[in-house]
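I've put the structures underneath this note.
Common to both upcoming complexes is chain A, partnered first by chain B, then by chain C.
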Partner chain A sequence: MTKLKDWLVAGGVLLVGRRRRERRPERQRIVAAGAPNRRAENVLLLLFFGVTLAAAAFIAVYALDRLSNQTQWLGLALGGSFCLLAAACFVIAKHLVVSEELAEPYPERESPAAQGEVEQIVHESGSRFTRKRLVTLAGSGALGALGLAALVPAASLGPVLDTDSLYTTPWRKGRRLVDEAGKPFVAGDVREQTFYTAYPEGGDRELIGAPLVVVRLPLEEITEPRRSWAPHGIVAYSKICTHAGCAIALYRTPTFAPTQPRPALVCPCHYSTFDPADAGKVIFGPAGRALPQLPLLVDREGELRAAGNFSGPVGPSWWGVRMGKARS
Partner chain B sequence: MIRAAVRFIDQRSGTAPFIKKTLRYIFPDHWSFLLGEVALYCFMLLVATGVYLTFFFDDSVSQTTYHGPYKPLDGATMSHAYQSVLHISFSTKAGLLMRQTHHWAANVFVAAIALHLLRVFFTGAFRKPRDLTYLIGIGMLTLALLEGYLGYSLADDLLSGMGLAIGYSVAMSIPFVGANFATLIWGGPFPGSSSFWPRMFIAHVLIFPILIALLLTIHLVLVASRHHTQFKASKRETERQVVGVPAFPGQAPRSLGLMFAVFGVLFLLGGLVQINPIWLWGPYHVGDATNGAQPDWYLGWLIGALRLVPSWDFTVGSYTVVPNPFWGGVLFPTIVFGIVALWPFLERRVTGDVAFHNLLDRPRDNPWRTALGMALLTWVFLTFMAGSADRVDVLFGIPYSRQIWIYRVIVWVGPLVVGAIAKRVCEELLRGEQAHAVRRAAIAEARLIER
Partner chain C sequence: MKAVFAGLLVLALLVPVAARAGSSPPHVGIVTGAGAHGNGLEELGASLFAANCSSCHGALGQGVAKPTRGAGGVVGQGPPLRNVGALAADFYLRTGYMPLKDPRVQPSRSRVLFTDRQIRALVAYVASLGHGPAIPQPQPQLGSIAAGQKLFTQSCAGCHQIATEGGYVTGARVPPLEDASARQIAQAVRIGPYVMPKFSSTQISATQLNDLIAYVQYAKHPDDRGGWSIGRLGPWPEGLVTWLIAIGALVCVCLLFGKRLRS
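Our next item is the complex of A and B:
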């Protein structure tokens, strides 16, 4: 009987105790407490309303056809909406949640025990091998070969070993020069202090060897032995800069202020400057070699034609650039 | 409801302890720690706007004739790629907003990474155990530069064509293998085969973003696992104890606010401030170029370097060992990135400091590092400025060639001067602090004696 009584009492105490614990009103806070801030809440509500309004405005502006400055309105609405949302977040951060400053230890710097175990596992796993170095060598050789094999198809991307095409240009002896509209150049119409762009008649204009700059200079200013390449003082050079492949689109001549001592061809990318009177030599800027010149001749109709190919390879330099010649 | 959601997640993933720890993760508080976050949010917006743009972009360079709402180009021969960008700009609702926001975000992205790098460098945050995190960051900066270049190259307007010609020439200029490498990437001599554009496109929208996202993930995991660095603001911050605001609720609304602010400002810029008006440049053809061409800002240092180098190819007989664009386009950035990437290891070797560092230096605390960092920064900055000499010529009438000669001198002298000044300033600041501390100690002592 006493045992039963004991059990009952114990059970009662447990029940009462449990119920009490369940009723315990407040858990200990994790996040620090702070006072409510109704004013900040009001501002927040206002900002949320603004976000909604701006988002609705974005949709409305998007839906409108024929609105002038639509891009600007769209940007204003969407950007404005995001900015208001950002402001809302900042109000929350500053006034509506507590900014606790907590401290805790930095994480463990290292775990030497685990490090040792990792090393041990790796070491012991290899204990059945007798010729470890040979196996490692053979294994890395095998993986290396397989890796190389997997890389080789990348060579299909382009002509890796064939750099011959870098020397070819669409120009050859007798090819007529035409302007952008396809009209041939009549030698008598080419004027001094003007800049012309020419292309090979019927050729692909998007080849780096195709475009030419054509300018006319007083014949006596052109240095020998290239004077014979310049009928009536008309000279033609590759329009592609030998430095970085941009088109030489500037012609510095005394026509324009500020006046400069002598005419020069200038690339607008890095301002390599070439002397059209002196075999296209570099007179300023980074280009490492002269502009390739195309010898010209005037045919019986008085039109300009190529008298051969360029004086050197066209376009930016590479390791082989001085070893070969421009060819058709 | 919160309880139900947490229980649902915990019962299926067992991550409640992890979530609890994450919510109370401590962020040390300093404005300069937010620069990396800005870069992260730019990246998110870049992905979002970029995905939108892919729905309209055509990666074909086959030629077509334009007949669209932009009348000045009516009848012009251009690639489908360029036409599709015109179409995005003029005929797609919100297209121009998305395109310009994308471009602005790219510019701010690289700027945020660069400033973040400067912050990390000058405060010594790169020291052990965060040197690996730092290297991954440098990797992301490199990828970001290439990714931006690919992005504005895809539009196939005149500027992008000129940029690609320069890129091709720089690739060609690599000693011994340049021509092979360039023709491999371009699929033939410039302007390359028709498959070059799809290659650039897939690199820009898939390969590079995935690489950046991957490095970004590793970067953030490493940051979190070693915790943030902190300045020594009081006695509580030590090498062993981190002090700051918990992720939730303290830091979360700040970071979210910053994210929305970044989005907001970028959309405002995208809507209100014109950037890269590709219709003004017109389509690219090999024989065309324009004056006053400037790349996006983050490539300014490279165009400056390409312009500053004097006319010099290094040749042996008729073999061209080093064509000119190599100096400014490959060697210069390799040196800069090399020094920046190897810095943690160089500094460790020179100072013999192999300890763990959780407390940040102020720039003055390490005069040598600050001086050398400022010198390198000046070197890059002056080169960057040299890239705008043509604009200065046009705007202020200072002859271009004279400016280049000046820059050729000051890019070497400037870093020495700035480095020396920086070192002196650091040392003086430290000396001032020491004097102040001594005086305070003396006053305190005097008070003690009086009592």
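Our next item is the complex of A and C:
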């Protein structure tokens, strides 16, 4: 408690400044004496008072939680205090600080002889090095290694040399398709003109190869040779767009096919559009390759199962994406 | 000042004022038979259907698969209405989606020319063509806005945007939902008009539908805590407005300060 009192007294003394500073001995002025400007000073004091008031208002509005239009009042108080502060700086700079304009010519170009001299000094200062080239090499090696160290974290963006892991998916022949709640898909319950999201039963759902988009089309609309992949016209594709890896969340499905655009799976990020009836080929948009399709089969219980792995690597494209095939 | 004017001009171009869809002209006029007002509802429905719908949907609602020149020289083509039920008929007629001038254009919200009685007659007639679902009676007041937002994010926001402002998909416009009534939302979810997918009651139950509608109705008039909503288009226009206004103000201040040096 006594310590607090000491601090308070010390603070008070500092603030008020009881002891007048000793006057400095008179020296020759550098800056010419300006005329006092009491009016500008008064304006400045008023502005500072305004800043204090606006800042206090911000605190008050912040504390009053249930105020209507609180966001606007907060902005007004804080913005107002900044504006007043800017005005105060303006008054100080324009009316209170003594100012003068000085013209100073650019310096003449130094004599070339002096420059040559500097070069000579630099060259001769290196006389203690006996193996200059080795030292230069070691120095560049050190700096180069440091630069490389700064670049290395970029390796976390994805595998660079061994891209094998990008081809593996949790799907293999016989794996059941389940919905978000883990319920298996019964082929008879899958309707046309709507879309479903499916996951591998017992597999890691976080893997990029896990989620599927499942739709049903009239069997005769599905092009050969993929018709055998689509029991009852039910097709499954990777839900991850081959362009930038967004989830394919749109299914364009016409109510009256003759006058409306074809059914299509669309990615909401950049509108890559894939044809579910024709092997997931790109109809429109920036995607560079077809959506990987998962062949399906219907088991004895009428439930949907994978009949193999995807037709191609899943996920966004990278260099060499076309060189391998999806693996389990 | 030039910079400020240029900024305002860009703003005016960037923030389009969405025209109220309800005031747009109807797609096409309608034909009402002579003495149709005096007849019973059933007879009225049949005569209105024959006059206004049969060119595209067939005389018995069996649909027209290939473009065929029908009554009044109208080239018609349209889906069968045998089992769509009262649900679809009520939706398409009360939104002004039907009648449609050209079967190849996307139906959009327009002024409705049929009277309420005429619509009820047509809906009853279409419902009598087969076995279809009845008009739903959603109760959004029982729904939870939070659950609705989650559902909307999963199933609807991809096209309609989370702010229900609509947008575009490849090959179609996505309508904003500001004029959609609770009943129309419930109907659209089950029908999937134009290229929208439809959602069965196993995918979105009646209770979930109430949540969904509660969210859409909330999203029509959200409490814009920041003040100016700027069309609720997201961070892009908001950022642009901030930059243009802030930079304009800063340029003005700089000019004010710079005056002293120039004079």
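We adopt the following convention: the second predicted complex is superposed on the first by the 167 of 328 C-alpha atoms of A that agree within 3 Å, B and C clash if a C-alpha of one lies under 4 Å from a C-alpha of the other, contacts with A are read in each partner's own complex, and residues count from 1 in each chain.
Going forward, a residue touches a chain if its C-beta (ideal position, glycine included) is under 8 Å from a C-beta of that chain, and two chains touch if they have at least 3 such contacts.
As the structure is a computational prediction, the values presented were derived from the model and not from experiment.
Asks: Identify the partner contact of A:195: answer first if only chain B is touched, second if only chain C is, both if each is, neither if none is.
Replies: A:195 sits against chain C, while chain B stays out of touch.
Asks: Kindly classify A:268 by the partners it touches after superposition: chain B alone (first), chain C alone (second), both, or neither?
Replies: Touch status of A:268: both partners.
Asks: For A:285 in the superposed arrangement: first (chain B), second (chain C), both or neither?
Replies: both
Asks: Please work out whether A:125 is in contact with chain B alone, chain C alone, both, or neither, and reply first, second, both or neither.
Replies: neither
Asks: Identify the partner contact of A:68: answer first if only chain B is touched, second if only chain C is, both if each is, neither if none is.
Replies: A:68: touches no partner chain.
Asks: Is A:28 touching anything from chain B or chain C once the two structures are fitted on A? First, second, both or neither.
Replies: Once the two structures are laid over each other on A, A:28 reaches no partner at all.
Asks: Let me test your reading of the model: by the given contact rule, A:249 touches which partner, first (chain B), second (chain C), both or neither?
Replies: After superposing on A, A:249 lies in contact with both chain B and chain C.
Asks: Go through the superposed model and pick first if A:165 touches only chain B, second if only chain C, both, or neither.
Replies: A:165 contacts chain B only, not chain C.
Asks: Return first, second, both or neither, reflecting whether A:105 touches chain B, chain C, both chains, or no partner chain.
Replies: In the superposed model, A:105 contacts chain B only, not chain C.
Asks: More residues of chain A are touched by which partner: chain B or chain C?
Replies: The partner with more contacted residues on chain A is B.
Asks: Across the two complexes, find the residues of chain A that touch chain B and also touch chain C.
Replies: On chain A, the overlap between the chain B and chain C contacts is residues 71-72, 86, 90, 249-250, 258, 268, 271, 284-285.
Asks: Any idea which chain A residues touch chain C in the complex?
Replies: For chain A paired with chain C, touching residues are 69, 71-72, 86, 90, 94, 189, 191, 193-196, 249-256, 258-261, 264, 266, 268, 271, 273, 283-285.
Asks: Using the touch definition from the top, list the residues of chain B that touch chain A in their complex.
Replies: So the residues of chain B in touch with chain A come to 24, 26, 93-94, 96-97, 100-101, 129, 162, 165-166, 168-170, 172-173, 175-180, 182-193, 199, 225-227, 236, 239-246, 249-250, 253-254, 256-261, 263-272, 285-293, 303, 306-313, 315, 318-321, 323-325, 328-329, 356, 358, 390, 397, 399-401, 404.
Asks: Which of the residues in chain C end up touching chain A in this complex?
Replies: Where chain C meets chain A, its residues are 65-66, 77-79, 103-104, 106, 158-159, 169-172, 191-200, 202-203, 225-227, 253, 257, 260.
Asks: In the complex formed with chain B, which residues of chain A make contact?
Replies: Checking each residue of chain A against chain B gives 30-31, 62, 70-76, 78-90, 92-93, 97-107, 109, 154-155, 157-163, 165-166, 197, 199, 205-208, 210-211, 239-240, 243-250, 258, 267-272, 282, 284-289, 315-323.
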